[in-house]
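Labels for the chains are A, B and C, by order of writing; each one numbers its residues from 1.
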Amino acid sequence: MQLQQLFSPSVQHTLDLIGIFVFAISGALLAVRKNFDVFGIAVLAEVTALGGGLFRDLVIGAVPPAAFTDLGYFVTPLLAALVVFFLHPHVERIQAAVLVFDAAGLGLFCVSGTMKAYSYGLGLTASATLGLATAVGGGVLRDVLANEVPSLLRWDRDLYAVPAIVGSAMVVLCIRYDILTPLTSGFAALTAFVLRLLAMRLHWRAPRAWNRRSTVTEE
Amino acid sequence: MQLQQLFSPSVQHTLDLIGIFVFAISGALLAVRKNFDVFGIAVLAEVTALGGGLFRDLVIGAVPPAAFTDLGYFVTPLLAALVVFFLHPHVERIQAAVLVFDAAGLGLFCVSGTMKAYSYGLGLTASATLGLATAVGGGVLRDVLANEVPSLLRWDRDLYAVPAIVGSAMVVLCIRYDILTPLTSGFAALTAFVLRLLAMRLHWRAPRAWNRRSTVTEE
Amino acid sequence: MQLQQLFSPSVQHTLDLIGIFVFAISGALLAVRKNFDVFGIAVLAEVTALGGGLFRDLVIGAVPPAAFTDLGYFVTPLLAALVVFFLHPHVERIQAAVLVFDAAGLGLFCVSGTMKAYSYGLGLTASATLGLATAVGGGVLRDVLANEVPSLLRWDRDLYAVPAIVGSAMVVLCIRYDILTPLTSGFAALTAFVLRLLAMRLHWRAPRAWNRRSTVTEE
């Protein structure tokens, strides 16, 4: 089954580029906040946008990774970096819009990452895990390079991993029951997207360890 | 020579899972101390337990890595995360026991990592180096994700790398002189384990650079 | 075309070892400044010297990477670590010389990294990007392990990426127009080297994002 071809190649490619663009925006904005120069902005945009997919491709043995074979994947983060470089006060003002796009990227990447991992022969659990890693890996690399605690791990951030886990799990369930179609995978991406929007709107948080006596955030 | 089969597969697998479990405990405990939420605890448990082996497998071209093909490798750290999540005051109280298990993991991983690297065609020095990387890599990733200086590198921590280096070196010497058996490799793992215990008990430290005039720890 | 053989193998190998040595010196010196012990010094020397090439080899699928197949690549950083361990006040005093050697390493690695990536079938843009990553990747890993913001990304450091970008770009232009010879590739390495020296001498800096109202460095 050519899982990669669930969507027409051009539709798939366009969705990928949109996800890459919005992730790159989030990386470039952090670089501006950290006072990095224009090259730091470009590097952080590239790493945020392509890091998750790069990790997935190395793990499944898809070398050279798509990040290095598709020129569009490489150029798109540079465009995002340029946008932030010249317009960042406006981009920051529309931070809410950026977060919505980032949620869209999360939904798209967890679904496409899961499907690509499965098409390379990984099991269902491993595919879902790699789909999650594809969706959140770039953000973790972004925070590590910026010398910050990854926001993925912090308890005082709205849920980020859970929407991606749900999306990835829906895809492997569809594969398991042989009902993976453009419609069902699109629905999985939409579910992850909406869950992330709700998590932000309603400030859903995950619990910390039981019996934790101090609530002081250590950082 | 089927180096991987030195122990019966089921014995080898059980030893691996024990090593994975204790490393995962150390990752989950750090996550609790850093005030991460339940997903942060799970992520840090997975990364600590599987990071070293993942690096080794990517380097020797064993893709997809064992971490993604063996469900037990993936589930074990989640169990460790659950244990810490619900019982962490008790787990912390038995911190000494955790350190003993971690030392056992160090001994097991440096030996199994060296043997796996050699069985994939690497030279003796490279195999020992990768064995060391397998044993300490997960802990380094744990500390990097938690935004701390890797305790592996700090002078004010008891020796950690040296026991693993000794264990890895013993394995390659056994290979070199063709005396690698379950007994000798078990003895190498035991030696690394005991050396680590002694390093903790006697606070063995490695020297810092000569002529260092200031002793202030910079951090 | 056997791009790897542009120089005679022994000349190429010697140039590689020189680049590895000087990068390792910079890693070992940072380890001393961070108060790491002798193993921390050795680890940071290895990572700084071999990290960029390791990343490149994983991406192009050249496994096991050269860092693990060539004993000289592994031993050279250890020698650099020993030199720093015993002589670091003198090495620090000749910091200017170290920076000159580091600039030479930058020039050599961006050129050899680009050529190796191209010889493994990557496109011109991807090859230049990987050449850049080869040259700067070790330094980024060094700073991440030392828990510092990568100096590559900071606006208050003299230009480092641009000389490597120029060197890599010159190599792919030479490939594109079929004029890659030992002479032209040597000229590309020399250009990157001289540009880096000029950047240090004249304190060339890259701009930060437009309209940034605050100039306070956040760290």
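Assume a residue touches a chain if its C-beta (ideal position, glycine included) is under 8 Å from a C-beta of that chain, and two chains touch if they have at least 3 such contacts.
Chain labels with UniProt names: A, B, C = Trimeric intracellular cation channel family protein.
Because the structure is a prediction, the values reported are computed rather than measured.
Listing every chain that touches subunit A and subunit B alike gives C.
In this structure subunit B contacts its sequence twin subunit C using mostly different residue numbers, the overlap staying below half.
One simple way to say how far apart two chains are is to compare their mean CA positions; for subunit B and subunit C this gives 29 Å. Residue positions of subunit B with contacts to 2 or more other chains are 58, 61, 144, 147. Here subunit B touches subunit A in the complex through residues 31-41, 43-44, 54, 58, 61, 63-65, 68-69, 71, 74, 84-86, 88-89, 144-147, going by the rule given at the top.
Every residue of subunit B that touches subunit C in the complex is listed here, in rising order: 58-61, 120-123, 125-126, 129-130, 140, 144, 147-150, 152-155, 161-162, 205-212, 216-219.
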